[in-house]
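Letters A, B, C, D, E and F mark the chains as written, and numbering starts fresh at 1 in each.
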Amino acid sequence: MVDTSKTSAHMTDPAGASSDALVVSDLSCVRGERELFSGVSFAVPSGCILLVTGPNGSGKSSLLRILAGLLDATAGSYRPPERGTFTRPVGYLGHANSIKIRLTVRENLRFWARLARAEPAVEPILQRVGLGRFMDLPAGWLSAGQLRRLALSQLMIADSRLWLLDEPAANLDSGGESVLQKELARHRSAGGCAVVTSPTDIEMTDARRFELAGQ
Amino acid sequence: MAKALHRLANPARFLRIASPLLPWIAAGAAVCSGAGLWFGLVDSPPDYQQGDAARIMYVHVPAAWNALAGYAGLAIASAVALVWRHPLALVAARCIAPVGACFTVIAIATGSIWGHPMWGTWWVWDARLTSVVVLLFLYLGYIALLQAFDEQETGERAATVLALIGAVNLPVIKFSVDWWNTLHQPASILRFGGPSIDPAMLLPLMLMAGGFTLLFAYLVIIRMQTELARRRVMALRRAALAVSQPNDA
Amino acid sequence: MTFFRAVVERDLKLYMRGVVDLIGVWMFFGIAIAMLPLSIGPDPDILSRIAPGAAWAIALLASMLSLERVFAPDQLDGSLDLLLLHAPSPHVLVLAKSFAHWLVTGLPFVVLAPVAAIALGMEVRGVLPLAGALLIGTPALSLIGTLGAALTAPLRRGGILAALIVLPQTIPVLIFGTAAVSETLMGRDPGAHFSVLGAFTLAALALAPYAGNAALRAVRS
Amino acid sequence: MMPDLGAFLAMGGYGAYVWSAYAITGLILGLLVVATLRARRSMRASLDQAEQASPRRRTR
Amino acid sequence: MTFFRAVVERDLKLYMRGVVDLIGVWMFFGIAIAMLPLSIGPDPDILSRIAPGAAWAIALLASMLSLERVFAPDQLDGSLDLLLLHAPSPHVLVLAKSFAHWLVTGLPFVVLAPVAAIALGMEVRGVLPLAGALLIGTPALSLIGTLGAALTAPLRRGGILAALIVLPQTIPVLIFGTAAVSETLMGRDPGAHFSVLGAFTLAALALAPYAGNAALRAVRS
Amino acid sequence: MVDTSKTSAHMTDPAGASSDALVVSDLSCVRGERELFSGVSFAVPSGCILLVTGPNGSGKSSLLRILAGLLDATAGSYRPPERGTFTRPVGYLGHANSIKIRLTVRENLRFWARLARAEPAVEPILQRVGLGRFMDLPAGWLSAGQLRRLALSQLMIADSRLWLLDEPAANLDSGGESVLQKELARHRSAGGCAVVTSPTDIEMTDARRFELAGQ
């Protein structure tokens, strides 16, 4: 078993980090009896974006699911940021889009808005992600990139402090990518932070980087 | 890896203790059942009412007892696994299930065969019979859930929860079924025996019960050995897998 | 509470959009009822005797049939992750899911089953007890069923397995539910049976959230 | 002790029942024991194989 | 033929991959049969009379329960596209899908249902007719069911109506299948019923590939 | 209804194209009562790769599905290339991966090999896409990028002349992308041709381009 961790990636001293930061210390993950990573530590203070890269199968998604509380880490600990002025502490966008193809685009988003106790102004958000014209179509009719945009809008409406984005740009065209960049910028300037994964090294202005080496 | 080794520690101790016991258990099972068979089939009187058909009792009743006890064992092991997270308990539970299910099938089959000369039918929906069928389904459901997941651990966790739900519910089911039967069924079922069993019949019964129980234990321990070996094989294979990766892009 | 209502309303909407499946369930109910006279023969005496039991059995099967729709689709498309993330506690999610399931598979039978039983020749004074027993008992079916659904959520084809592991657990509901009706029909006081049925449902209501939570945690990986 | 094998086998007219009950029991338990022992044997074989192949090599 | 065999073998493997899953269908059948006496009471007389009908109804139910697995998973994960691309003609695909479905949900009941019926107290001379009727009739269930499955695969409403038209076609199979058995049990000649049953299956066999093809085209849009 | 077509994209004269070329003439597609494109014409001769780009929802996937025979065009016609030395004329890789999570990686591929009547030498192909180590794991354990690699190997084993690839690089890391490029090069040098879509303009050496404008 190979130690794949890059423990050098401490960005602030975890102990001293303020409560509005995501602090991860010494996390490790074993799946299917294979160790994906170990000793992963970093902190993501508010206003900061961490870009997690690594080859396919290196454990990016697993890391994100751990941070979202959807998967148990094998060892180590993490502390999500407090929610502060936001409605919720943590939001998550996985590989799967969490979309019901039988509901319309609007109905899909309205449901997530209700769950997040956000005011149900779904239309402006759909406009922002470029789905304004598709609001009343069944979501099953959307193209791959449009589905991804809808999934992104679910995250935007929930108003969480920490965004966990698993390859958010998959299937997005350049318009979609710039929507994503714009929303990330807006989010960080509001005091949010984010962890974003990507299998390839992508451009992301002013983001810190963390690499999972894989084996 | 260190954690994985730690997890093997307890099972290793189990193997050290259980393995030497196995021949003794096997011998005990053979002696008890052998003697039970002799006394049961040859050297005991026929029942005054049922004649020689009563000899079915010597396999039927021990099988039924073991079937019931097996589920109790399964539930206890599951509770231990859930509460104390003892890894061996999961192994035990998973190994008890198929053996218990087999004994349940034997109880049903032999009871059914016995029923034909005694009641004139292979099957009636009487309370006890129905609850044995339910018991079989509890076993089968546990096994099915255990096997249904790709990841063995997930299957084990799910099946553990199921076993406990079943354990909580089992007395309720048993009570309901009994109650259901007494309400609806004045049925013409001949009831045999009563507590006053001839000592000449009690001896082979007890011998067979002892033999079956020892056999049960024997099978479960061997299955646990197999399962533990399987886990080691998997661990070794995966470790090997993690080290070598010559041709990957 | 917002969460509870939001989930229930969404699930209802989704059940209704996929109404074919639901209709399939109700149709099965109809066919099965229609089959009975065919196979038993039209003897009104026998038909009326088994009517309440048949109604219960079919309601039970129908309820078990639709377990596949409780958690599995959400698991498949990633919604379950988000639901768990948003839920004030997993218990609430389990309760909301059960409740929505009951609304589409339990509640309709409270109305349908008596109609069917009458069609089979049950005496009219059995209607109220039958509807009442179903009203009290079917929530327990949905609650227990949701546990099975949670345990099989990640399985692509968990529906049958869920039915399989749940059915034996529902025997008490079935027995007391049927007995409550037949006791009334035989002119005896069914009060005790109704109490037991109610107690069972209450127990399920109290325990299911915890068991469901344990189940969801167990299979999430 | 075996003066009359025929009578013993007849079991007072219940022979078919008694013997089939014992046969089924024997069959199920026999199969279970054989399957259990076989599984252990083959698993031990693969364990040996895996242990020889480890820690450096794949076991194919 | 290579295609047919490849698809049938793969589908069987997928059904079996949870062997559990498949055994699930059978166990479900077993439990459902065991639940019957629990609800309608253990009276052997009544039980034996409903035995053939109950066996048929539950076989139908199990068959319908698993329709969801015929096309929907392939549609969902994209395999259906590739299957259509590789198929010599869509008809072969529909036939292969039905056949695999019948092998796991129809054929087993030819053996299981008589056992269950006996357990419910059906007279032994009903066994052969019941098995025969199931052998002749269940292929029609799978063929008709496959149609329904193809029609409900798309998300647009178009499918609902079609499915509602198709699925009730299984009722005649059920009726004649049950009647064939009960006629025998009542000492009459069931020949006519068997003929009708056979005719149904043949008609389904002849029509299903075309209808299935049409249904699949509707799905793909 | 907006005419979004770029009819200028004729690459060879369709009428005169040789039989080993994909020839598309005047194709149009209406979905959900909205016209996605019309008058699309181009030809892709053997040894040639056509990269179709266009924003999300512009109809790239629809076009590919039409070419695969999975969707009916509203108007126009196309002619897939003859199979020539290949086993099959057309192969397709959609957004969905066509993978059965309950089968192992090897079993998945072996089935598609059987259907394509290819000899079942699945192992070397799995090695080529970098899944050699995962052959006997259930496919449900693969990560997103690994799944995409497996889907790609399904196409590789079928030995079709025309490859239709819908965003093949989605979720792939750089290693995966270079596998893809290598396989495309190998395919074209064997006399194959391909239509590849991408929502963003990607690098693809020596490929012709076609843009769907969207609206």
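For the reader, a short list of remarks on this structure follows.
Going forward, contacts are C-beta pairs under 8 Å (C-beta built on N, C-alpha and C of every residue); 3 or more make two chains touch, one makes a residue touch a chain.
Computed from a predicted structure; not experimentally measured.
The chains that touch chain B as well as chain D do not exist here; no chain meets both. As for how the two copies chain C and chain E face one another, over half of their interface residue numbers coincide. Seen from the C-alpha centroid of chain C, the farthest chain centroid is that of F. Centroids built from CA atoms put chain C at 38 Å from chain A. The mean-CA centres of chain C and chain E are about 24 angstrom from one another, to the nearest whole unit. Inter-chain spacing, taken between the CA centroids of chain A and chain E, is 45 Å. For the pair chain D and chain F, the distance between mean C-alpha positions equals 55 Å.
Along chain B, residues 134, 137, 140-141, 144, 148, 151, 177, 180, 239, 241, 243, 245 each make contact with two or more other chains. With touch defined as above, residues shared between interfaces to two or more other chains in chain F number as follows: 95, 101-102, 130, 141, 175-176.
On the chain A side of its complex with chain C, the touching residues are 65, 68-71, 88, 90-92, 94-100, 102-103, 107, 111-112, 114-117, 154, 158. The touching residues of chain A, counted against chain F in their complex, run 31-32, 54-57, 61, 95, 130, 137, 141-146, 148-149, 167, 170-177, 199-201.
Interface of chain E with chain F (complex): residues 2-3, 6-7, 10, 13-14, 17-18, 73, 76-79, 81-86, 220-221.
Interface of chain B with chain C (complex): residues 82, 134, 137-138, 140-142, 144-145, 148-149, 151, 153-154, 157-158, 160-162, 164-166, 168-169, 172-173, 175-177, 179-180, 183.
Interface residues of chain E, counted against chain C in their complex, comprise 18, 20-21, 24-25, 27-28, 31-32, 35-36, 38-41, 46, 49-50, 52-54, 56-57, 60-61, 64-66, 68-69, 73, 76, 152, 159-160, 163-164, 167-168, 170-171, 174-175, 178-179, 182.
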